[in-house]
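The block underneath contains the structure these notes are about, expressed in structure tokens.
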Amino acid sequence: MSSIPALSALRRLRPDRLKELSLVALIALAVIIFGLVVDGYYSGRFFNRVTTSAVIVVILAAAQALVVISRNVDLSVGSTVGVAAYLTADFLQNNSGAHPLIAVLIAVAVGAALGSINGLLVAYGGVPAIIVTLGTLALFRTLVSLYSDGANVTADSLPDWVIELNGSTIVSAGGFDLRTTFAVAIVVILGLQWLLARMRWGRRLYAIGSNPDAAAQAGIPARRLTMWSFVGSGALAGLAGFMFMVRVGTVSATAGSGLELQSVAAAVVGGVSILGGTGTVLGAFLGAILIDTLRLSLVRVPQVSEFWRDAVLGVLVLISVITDSVLTRRLSRRAGSAGVGNRMEASTQAVEPTASTAPSPITTPVGLATREESIDV
Amino acid sequence: MKKYPLTKLLALLAALTLMVAACGDSEESTDAAEETEDTADAAEDTAEDAADTTDDTTEDTMAEQETEDSEAAASGDAVAISGTESITATFLPKCTNIPVFPQANDGAVEAATELGSEEAAFVGPADCGDATGQIEFMTNAVTQGVQAIMVSNNAGDELAPSAQAASDAGIPVVSWDSPIPSAEGESVFVAQVDFDETGQVMADMARNILGDDGGQFAILSATPEAANQNAWIAAMEEVLAVDDYANLELVDTVYGNDVAEDSVDQALALVDSYPDLELIMAPTTVGIVAAAQAITQEGLCDEVKVSGLGLPDEMREYTLSGCAPEFALWSFQDLGYLAYYVAYGLATGQIEAVEGQSFTAGRMGDFTIEADPTRDAGLRVLMGPFTVYNESNVG
Amino acid sequence: MSEWARSHRWEVVLGGVLVITIVANAILSPYYLGLDNIVNLFWLSIEKIIVAVIMAFVIINGEIDLSVASVMGFSAAVLATLHESTGLPFVAAILIALAAGALAGLIQGLVVVKLQLPSLVVTLAGLIGFRGAARVLLEDRSVGEFPEWFDRLGQRALLGPFPLAVIVFGVALAIAWFVLDRTAFGRKVYVIGSSAEVSRYSGVDVDGVKIRLFVMSGLTAGFAGVLFAARLGSVRGSLAEFFELDIITMVLLGGVSIFGGSGTMLGVALAIFTVLNIRNGLGLANVDGIIQTGTVGLLLIGSVLVPNLASHIRSRLPFGGPPLSTADT
Amino acid sequence: MNPGPEPVLELRLVSKRFGATQALADVELILYRSEVHALVGENGAGKSTLIKIATGIYEPDTGTMELGGHVFDPGDPASAQRQGVAAIYQEPSIFPDLSVAENIFIGHQDRGLLVDRKRMEQDAAEVLQRLDIDLDPSQPAGALTVAGQQAVEIAKAISLDVKVLIMDEPTAALSAHEVDRLFRQVRRLKQLGVAVLFISHRLDEVFEIADRVSVFRDGRHISSRPITDVTEELMVREMVGRDPSEFFIRTPQEPGQVVLSVEDLARHGVFRDVSFDVRAGEVLGFAGLVGAGRTDVALALFGVAPADGGTITIDGQPVTIGSPTDALNHGIAYLSEDRRKLGLSMTQSVTTNITLATLDRYTLSFGLIDHEAENRDAAGLRDRLGIRTASLDTPVDNLSGGNQQKAMLAKWLNAEPRVLILDEPTRGIDVGAKAEVHRFIDELARSGMAIIMISSDLPEVLAMSDRIAIMREGSLQGIRTRDDADQESVMAMAVGVA
């Protein structure tokens, strides 16, 4: 086995990289298959559709990854998008001369403020993240509904740059545009990926998610970091809110509802373990792109009628998840056994379920999380 | 024609069973899933065949004639509804977060003030996606013993049982904007415009925009369930069957679920799927503005136009830019005003919900209750008229 | 008594909130205490709360089922389709619809157990897929004209003032309490939720219990879908859309740990009663739907936060008691 | 070996009370530079409380602590670490998803906000090398054995430049081979000037590694002496306050019929060619290094990870065991080595745990549990095994380690198995509880049960077993009777030099 060069290259990869590779392969597979079915599928147009449409979910998937890595979850992102989009749009309709960057700052600040509410309750109030964010999912939405009093902010009352921004392009080659919004999303993703991988606090977030008790013992300020991860998640959701306003133009009080499950789906499909500690922002990005590619491609397959789309999408998502987990599991098993076969302790690892200290997210057959045993001291 | 859903059901169940059987092995389950798609395709073909044969409702010329007749018959003895007492009422919109509903409520408040009555409670589900959420508000209104209920039905006949319960308790249920299809439990429907006329207006706008040569167009609707949208689309399809409109080719109907983001995606998908598409017709205020926004952003205004039913405030920019040269709507404030007058008249016993009953509704003048030509049963008051907006009057 | 109260702190807190809600409602609204209103209070949310009861089992077992609302729609759509396009006796159609719900649960359970995928992901796919299946069956049609006895069962009182669904809920709650608290199956549900591995190493058929729970969840959702069809008198593809978060909210408010292994049926019942009473009270006070939702959100956070803060403050006081344990941390 | 003259950590008159329990009463402890100081005592002697006070998890009620001559008031573990006191536990608290290097430096990268992965791995390699630890700094820590993870923790402590390292039962989960390696690392620590506080239930280890030894009993400090001044008997007497002669009793008896027979059992890539049989009333010991495949054979017999080759015969009948349920139906029970993760449902009550494997027995019609019968049987086992618990409804998490072990044993005794597989039955429990467990094993064997005992504690295996099977790298090296086995020969087979 180890004589195959590709495999020996694979075994040097970290599991995260394997996951990302398998997602890229899945996306490529989806694009190839749809290309056979849809006329003119390989066009700049479709590329532009996916890149502009995915921006919001991509940013939200990154936001979700940020909190899920530290073993939390943020179900309020959809509502945060709504609040940020509405308040920003409302600001712009009253201050049409404001600089675009001011609008971005407002959206991000609103998101960060809402995120800090979540963070405070989770980190210092001792309330589990799922309870807090399920609650604020409703609360934030209520606040924006009350504020808006049923009125929408329409594109008409927004400055022209808002509507133009969505179509604005940085580079274009053969119809394939690099749209400004997508470029921003890419910068955010790469930046966050870099921060999480290379910054001290990024590694500490992984540590908290990997083993909270050990993190406490190692003197990692878990509360503060949890707090900041929610602030970060909120700020990103705020940015997504800005993107929402730019893309959709009309902002109502229900803007962004339902995005919370989409962002969780993207992150989880992207390999961010709901148990914390593993996964990358890049993976979440690929997960979002995969789902959006499937969704938008299906809309364009003439054989799939309006009413079949959801059913087919559900099956495709399930197949992706299954294929991906089987693929990742196989590759990592081969890589693992080839890599450490000669070492006695390590070789028994693969088969002796008792020795590993934490359940691997792939092999643990539980829904959300296993109870973390406290350490006996 | 009745057989196709069964085919699909069986195909679906068979595929699911296959998945169970194949579950132990993921590769096999992939096969099973592919099979689902295959059967899906097969069933889909049948579905399309069937769809072509479904539309045969009342002839619209007949309906118009009837309307004129009953107006003529009853115009003599119109009851002027006047403020005699204060009543409690509930004004129940489809949802509270689409601007037209607060506008309608403004009209209802205006009417209540004129009549010296208490303002109706303006309550409803937050989200129009919550189709059955109105039942709770309707039931609570009955518990509170209000004297009238005014409702814009978001569901189909799902609301009928609770409306019937209200009726049984002696509470008049006036529907406005969107009726209860079976008319069960409903006293009278205050129709903004004639539903057949909506189809006519939409077809006319399409012809105006596409010109005599015609061309391809598609419909971007709200949800597949929306009763009024479906009625309008059906009416429009009937009009299209007439020779004058033969050049207009309706290529697809898609649904944006009255969610701005979905509507944007669907509009763009239409543009991509039909290279020769020249017009998107969106009979929903959410869909039309989302479509206009998407087309504008992608710089496609020269190739594809947008039309349908929209709010002038939201559409002004696109009309002036030429992206949405024409669209139509009625006044929701007037609709709320009229609905309140009718409800008040029924609650205070000044008028009765019977065919031929004429009345005067404050500033809006005389109306007559008539049989609703667009439904098998039920009464309606027709408000009208449509306002067609273009760059000359969009303001 | 005090021993019981100490080990059921959550239920005591919820009971307090419930009593306060009831008293406040009774004072604020003259219509609240009427028998009709009390029946309506349950009847208006009956489908959600029936599913919440089984969801409690699934979450205590350490799993989650996000697909319930879609399965409700799917089963109802199967019923409507069979009624519309076959001459099948209606009772048979109901049975097939229930079987379809159970089948939906079985598929998801098998994927979760056999492929060892997280149920969150599997049922998220189910949420999309089964809603899609309902739309495939019904497209844009609304199917009604069910037999009169069926509509009557859904809409009219059956026993005294109680409609069938409310009776079903009462029975379901009693059975659920019995099963969870008194039977070997219930014991296994807790132990698996607490640690699936320990259970496996103790010879408990972990996979079997999980699959059975998913089937029960699907079956119950299917049943709730059929009940909903009877109550509404007609079915559309969107039936029960977005119910899942409300259902999960009620279960978590009931003190069931999202990590599995703890929670009681009493807590879930109290949470259900509390949420229903709050919504009803606010509804009678003409408070908008969105504010009702927000209030429930606030309650969800507050019911964990307030005891936490109280214990924090108490632990700072001299001679304070031991810190309160929260439902899940 | 002279203890360094320089005191590092001094605890004076430290007391701590929890409710009605006096956990520590005026204890004194002084650690010197470059010494290994063993702390022994039964569970409940106050060792854990002492560690928690020294690492800042608890604050003492009274008493003073000094570190390097200054008042030491850590406040929390992180601050204790910064000041130079760190602890390593029996179950290493590592981050499974992070690399070895990241684990070492996670708490204290003081080179700004950015992580320079390359440099970190170089630094980690250097620290590991200083300790003679052979690990790849870039590999994920979750893939390491317990021993490897402990080595990472030691490296972490060294990278922190600690003055005092507390090791709480670090050898509990290690094989003899690994213990040797650990001790090499501990000696290296000593050379680096660190004061090591070493806590262990294995007295032979204490004699091997410690320079001085302190005994605690019931929260009190009993004695502190140079190791050369104490004997094992003296230490045990001080710990338990009673005569140690009652340990390791085994009543010789003639074994009966063969109950379980295993022929060429194999599981691909894990173990192979394993053949043995066990008779009624016999204890078959399994010796070998951790990872030699002993637990895997047990898991195959118990159906958790079924064998894919060979035959299992019970009472002469070939059987297939595909799941724990199968195993239990055939009368095979398995007491896991990992009490917390695989043995007990920690949040559940004592009764629930005891009857977990035998729930069907208490099931009436409608699946109703017969609480009365259940509580009666649980109470019976509690009394028989001497499980000390406030009530049967107490969550097992609240029990001490020894009592948890007994509760786990009670679960399997309640199943009345014909073959009982005990995997490390005395790991991490104190001398007294250990003796009780041994007495039970003997009692069970006398009642005719066939017992397979896996243990890394060689003296225990030698004392308790009628015959000893030795495994190495997934294969059975041989089976020795008690009479022709001694520590040296068994060890030689286990490491493959024989």
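A few notes on this one:
We just call them A, B, C and D in the order they show up, numbering each chain from 1.
Assume a contact is a pair of C-beta atoms (placed from the backbone, for glycine too) under 8 Å apart; a residue touches a chain by one contact, two chains touch by 3 or more.
Because the structure is a prediction, the values reported are computed rather than measured.
Between C-D and A-C, more C-beta contact pairs are found at A-C.
Centre-to-centre separation between subunit C and subunit D, using Cα means, comes to 43 Å. With centres defined as mean CA coordinates, subunit D is found 71 Å away from subunit B. Centre to centre, using the average C-alpha position, subunit A and subunit C are separated by 28 Å. Averaged C-alpha coordinates put the centre of subunit A at 41 Å from the centre of subunit D. Multi-chain contact residues, meaning those touching two or more other chains, occur in subunit A at positions 141, 145, 253, 306-308, 311-312, 315, 318, 322, 326, 353, 371. With touch defined as above, residues shared between interfaces to two or more other chains in subunit B number as follows: 12, 26, 40, 47, 96-97, 126, 129, 224, 255. Of all residues in subunit D, those touching 2 or more other chains are 304, 336, 341-342, 346-347, listed in ascending order. Screening every pair of chains for touch gives A-B, A-C, A-D, B-C, C-D. Interface residues of subunit A facing subunit D in the complex, by the touch rule stated above, are 14-15, 197-204, 206-207, 209-211, 213-221, 277-278, 336-337, 340, 344-358, 360, 371, 373, 375-377. Interface residues of subunit B facing subunit C in the complex, by the touch rule stated above, are 2-6, 8-9, 12-13, 16-17, 19-20, 23-24, 26, 40, 43, 47, 90, 96-97, 121, 123-126, 129-133, 135-137, 139-140, 143-145, 155-158, 160-161, 181, 223-225, 230, 255. Considering their complex, residues 48, 51-52, 57, 76-79, 81-82, 87, 89-98, 102, 106-109, 112-115, 117, 140, 142-149, 156, 168, 267, 269-270, 289-293, 295-296, 299, 304-305, 336-338, 340-342, 346-347, 401, 473 of subunit D touch subunit A.
In the complex of the two chains, the subunit C residues touching subunit A come out as 58, 62-64, 66, 111-113, 115-122, 124-133, 135-136, 139-140, 194-197, 206, 210, 237, 245, 248-249, 252, 258-261, 288, 290-291, 293-294, 296-301, 304-305, 308-309, 312, 326, 328-329. Interface of subunit C with subunit D (complex): residues 178-179, 182-185, 187-188, 190-191, 194-195, 197-205, 261-262.
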